[in-house]
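The following pair of complexes shares a single chain, chain A, combined with chain B in the former and chain C in the latter.
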Partner chain A sequence: MNSYQLISLEIATVLLGLGILVADLWIAPAKRRMLGFIAAAGVAVIFAASFSPAFPDFGTAFGKMYVFDGLSLFFKRFFLAAAFIVLLLAIDFADRIAVGISEFYSLILFALAGMMFAASSNDFTLMFAALELITITFYVLTSFQRNKLQSLEAGVKYLILGALSTGFTVFGIALVSGIAGTTNFIELSAKLKDVSGDPVFLVGLLLLTTGLGFKIAAFPFHVWAPDVYQGSPAPVTAFLAVGSKAAGIVLLMRVLFVAVPEVAKSWSGLLAFISGATILYGSLCAIPQRSLKRLLGYSSIANAGFLMLGIAAVNKDGATAVLVYLAGYLFAVLAAFTVISIITRNAESDDISVLAGLSKRSPMLAAALTFSMVSLAGIPPLAGFFGKFLLLKSIIKAGSVSGPHFVLLAVAVIAVVISLYYYFGVIRAIFWSKDVSDHSPIPVPSVMAFTLAVCMAGMFLLGVFPGILVDADAEALNSAVGVFARLR
Partner chain B sequence: MNLLAATVDLPSLPPVGLQHYLAVSALLFCLGVLGVLIRRNILVMYMSLELMLNASNLALVAFSRFNNNLNGQVMVFFIITVAAAEVAVGLALIVALYRKRQTAHVEDLTTMKL
Partner chain C sequence: MPPISDIFFYLFAAMTLFCGLMVVANPLSRNPVTSAIFLVLTIVSMSGLFVLLHAFFLAAVQILVYAGAVMVLFLFVIMLLDIKEEERRKFKVISSGIGALAVFGTAAIFLKSIGTTQWKGATPTIEGSTVALGKLLFDKFLLPFEIVSVLLLVAMIGVILLSRKELK
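Our next item is the complex of A and B:
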């Protein structure tokens, strides 16, 4: 099969991004904001095309560097859906960006292309290039509000810690691929028996895991997350919380389950520890937060811990649960950031007190934020519940093999209870705030109303009919390369 | 005196092996990490980060030589290119921060706190 056919989704995304950048030259500055609609429509077309029956079969391309399988297709659709909503958010956000709105759109598209390549990477070289495409575009995106000190600070903090994580990843790759003598994941798994005892190889793998841990903001590599989430423009924070995190998760799954499955099994204790610590840290630190974006930053750390839970279970249920959880997380987080983006338009701060009286000022925003928080807290019948349920189920299954996983289960259950407290703190601020100073209704632009409707529909559909998603995810994993199909 | 013809009696040293290159590379990497952790000037921290990348380059090239394949060297080309892009974006960002804040020290980045 022609390699270029397999990467047609990525090619289309990059071309779209370049097209937006070039079109900027011929369009009057006042109309450039409308390019966002072209970008969003293009992403929607690419998303629809990924369902087309004419689409090529699964296979590998470029000397097995790139793999197109069920897992990568799931993540490509996930990233496309996220980018679609983020682009709509960016259109609404455009008036708060001083210059270069077209670049803002195309950078989002380039980051999307990087995420889609990351989902398909089967080689350390491609993995590195894709990861850097995501990270470097995010350096620019996080600091895009150059007139705001907070945004610049967030950008610099992300720059230093992102580059540090790159350093760890690259040194890890150098040691792992050097000792194994190959950069390909599948070739590496074939040679794993000979090298898995080598301490240099294991140190390299640890460094590599550290680098990816930075990307998903897992404890103890989470320090950047709260500041960067708080300082970045709302659409970027949303994309960072959903896209960048999911890219880190898919790469972690690829490296651990395709390249080094036996080592991943023997490391399940370590992974369980990271997962438990991340969940607890994120949940406990979220309690005293007053800034909404910062609160969601800590909540995203806790969610990274829950996603690690499915990886630490090292079984097929865990891997399926990660995909289900991510799908629910996508809609909940994007809905929350849409609401925050609208509310902070008039109010300069994003302090939790700006929510006071929201139920009267804009019932739609109040409903969307409430559903989002309820879904993140994991309460039925919304999408977040089923993901958490499946994750806990997978860890019980893992616990029947190795005892320490039951400790992780207990930690996770306690953290769910803690998270109820701070998620409901937001809901309390919406409905039961005493001192409401501002009673003016908040106008919701039609683009944002559409975004919220899509997110709420997603949360309800995935919550009420989770079976479709679970079957699709299990099938996606069955057709994935590597050990996914053989995991118990 | 003809320098080229001059001979020096060197004690016979063991040949330089893979482990020597790796030791140097690990040393450079640790120096880079230390620099990032200890120094407080953003530009110096950024230089230390580049040192970490170059430590990896050294390890990759050494492995490439001793494994008799070109994987490592191809990877190095990618790393050099990406590092250049990263520096371009990073320095621009640091300059933008300097214009706004008149500082390049991390202690002054305190707008956001718990």
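Our next item is the complex of A and C:
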């Protein structure tokens, strides 16, 4: 396959985005909302096309800058699935956006293209371009509800902190590639022995890790997350929590495990510290939250910590567990934001009290949100359980090599218990609220009902038959470039 | 009579230094627009220095991007802000202290690097010609280059969306 065939999924995504943008010119304003169905259908077709047997198990394009392997394919499908649900969410959200709904759809598609490129990047230049495509698109998306002060605040905060993190990233890249003399991950790993002792190189790598830490909202680079999550339109928050975070994770895996595997091993203490601090911070701060989106913001910080857990384990089990965890996280978070988006349609606030009596007002929404919280809390038989279980197992394995990982294990277990408290706070509000002021049933549009059904089915299937996913993920890592196959 | 390139070097270097000083410490005017115009002159004379080094592309970019685009942006920002307010502003001790620290710190690093550099034996080579740069952009770095084009489209859409008037 030549270079252009390898990137055909990304090309199709960009073309779809451009198509939506142009189609807007010929479609009456009243019907523009329907463009979302075309966008979602297009994404579904691209998702199906990713299973085409024509794609090789392994391939590189553009002078080894772009790599097509099991890991990148997993993440491409992950992003496509997330974008599909987010686009459906956006269709329902369309009437709350004053102008530019077609642009809203196409920006989501452009961010998706950026994420898909990020999943395949094997070079700092491609990584940076893809990362910026994601981030700059999100600057616009977060502030899309211009007439809402909160949305503008979220946009400005994300812009300033995002620009700062970009500064860290690009300065880190400059130092790393300046010392190593290459921007390619594979070439860098071959030269690593000569440069890994150089303090400037390590500082550069640290800055780079900081920049990626901002993207996944890991402690201490998490400050933007709660405000931005609260203020942004619900579909954008959902995409930010799922897509942008996963893009940061895949880049972290590529940089640490492909470009600098030896350094990653010697840094496992540092990674474990970041992971533990992030988990603890996110879990503790989530307890007093009243705003649902803010609660999910802190929960997403805690989840970033759990994902870092798999990276800090620096073994193949950890990497596999990250992928399994992300798959469960995808459905749980998207279900939660779908419910929040519907509930806040009429209510101005997203205070936890709007959930009062939800079990009577709309059993479907109540069920979906409950399953989502149970899955996020990591209770069997839902998808979240196996992700957490595998992550903790990988840490135990890492702990048998280096003792400090057992401290991390203890922190993670405590955080799981804390998280039960605040996730069940939401469930309690749904079923056992005393003062129910509003008894009117909440209508659920059929698109949203479909979205919720997909998410719930995903949570159940991955929870009941995790074996399929675990095997597929282990396989994905085996065919991945770099050290995944060599990590034990 | 020194060679003509030397004469030009001293001319441009003196102009760069003088105009740079005028940007921050103009005794006649504290008007930000005057500072901005002096910044343009600084950039133009710096691009003259690049021409003397045979870095023609860098010289052209210096004028196109910095003197052209970035300065227009500066002037727009100055016009949007209240200039009278700026003129009345007093110096703050802390901020000038931090500024001085930054300046002397940078100067110290600069002097040290001049002192430790081996000047003899370095053969001057010309790198970064327009042709080589173009070939790199459209060959090795084609993919990031194309992604950046999508990125610029996104930025354009974003600016139009966020700045246009609310339609009724």
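To be clear about the criterion, the second predicted complex is superposed on the first by the 485 of 488 C-alpha atoms of A that agree within 3 Å, B and C clash if a C-alpha of one lies under 4 Å from a C-alpha of the other, contacts with A are read in each partner's own complex, and residues count from 1 in each chain.
We adopt the following convention: contacts are C-beta pairs under 8 Å (C-beta built on N, C-alpha and C of every residue); 3 or more make two chains touch, one makes a residue touch a chain.
Keep in mind that what you see is a predicted model, and the values were worked out from it rather than measured.
In the superposed model, A:T182 makes contact with chain B only, not with chain C.
By the touch criterion defined above, A:D227 reaches chain B but does not reach chain C.
In the superposed model, A:V14 makes contact with chain C only, not with chain B.
Within the superposed three-chain model, A:E153 lies in touch with chain B and out of touch with chain C [touch as defined at top]. Touched residues of chain A were counted for both chain B and chain C, and B has more of them. With both structures placed on the common chain, the touch criterion links A:N478 to neither chain B nor chain C. With both structures placed on the common chain, the touch criterion links A:Q5 to neither chain B nor chain C. When the shared chain is aligned, chain C comes close enough to touch A:Y66, but chain B does not. Look at A:F171: by the touch rule set out above, it reaches chain B but stays clear of chain C.
In the superposition on chain A, contact is made by A:A129 with both chain B and chain C. With the contact threshold set out at the top, residues 125, 128-129, 132, 136, 139-140, 143, 146, 155 of chain A are in contact with chain B in one structure and with chain C in the other. In the complex of the two chains, the chain C residues touching chain A come out as 140-144, 147-148, 150-151, 153-155, 157-158, 161-162, 164, 166-167. On the chain B side of its complex with chain A, the touching residues are 22, 25, 29, 32-33, 36, 42, 45-46, 49, 52-53, 55-57, 59-60, 62-64, 67, 69, 71-72, 74-75, 78-79, 82, 85-86, 89-90, 93-94, 96-97, 100-101, 106, 109, 111-112, 114. Within the complex, the chain A residues that touch chain B are 124-125, 128-129, 132, 136, 139-140, 143, 146, 149-150, 152-157, 159-160, 163-164, 166-168, 170-171, 173-175, 177-179, 181-183, 200, 226-227, 230-231, 288-289, 294. Contact residues on chain A toward chain C in their complex (touch as defined above): 7, 14, 21, 61-63, 65-66, 98-100, 103, 106-107, 110, 113-114, 117, 123, 125-126, 128-130, 132-133, 136-137, 139-140, 143-144, 146-147, 155.
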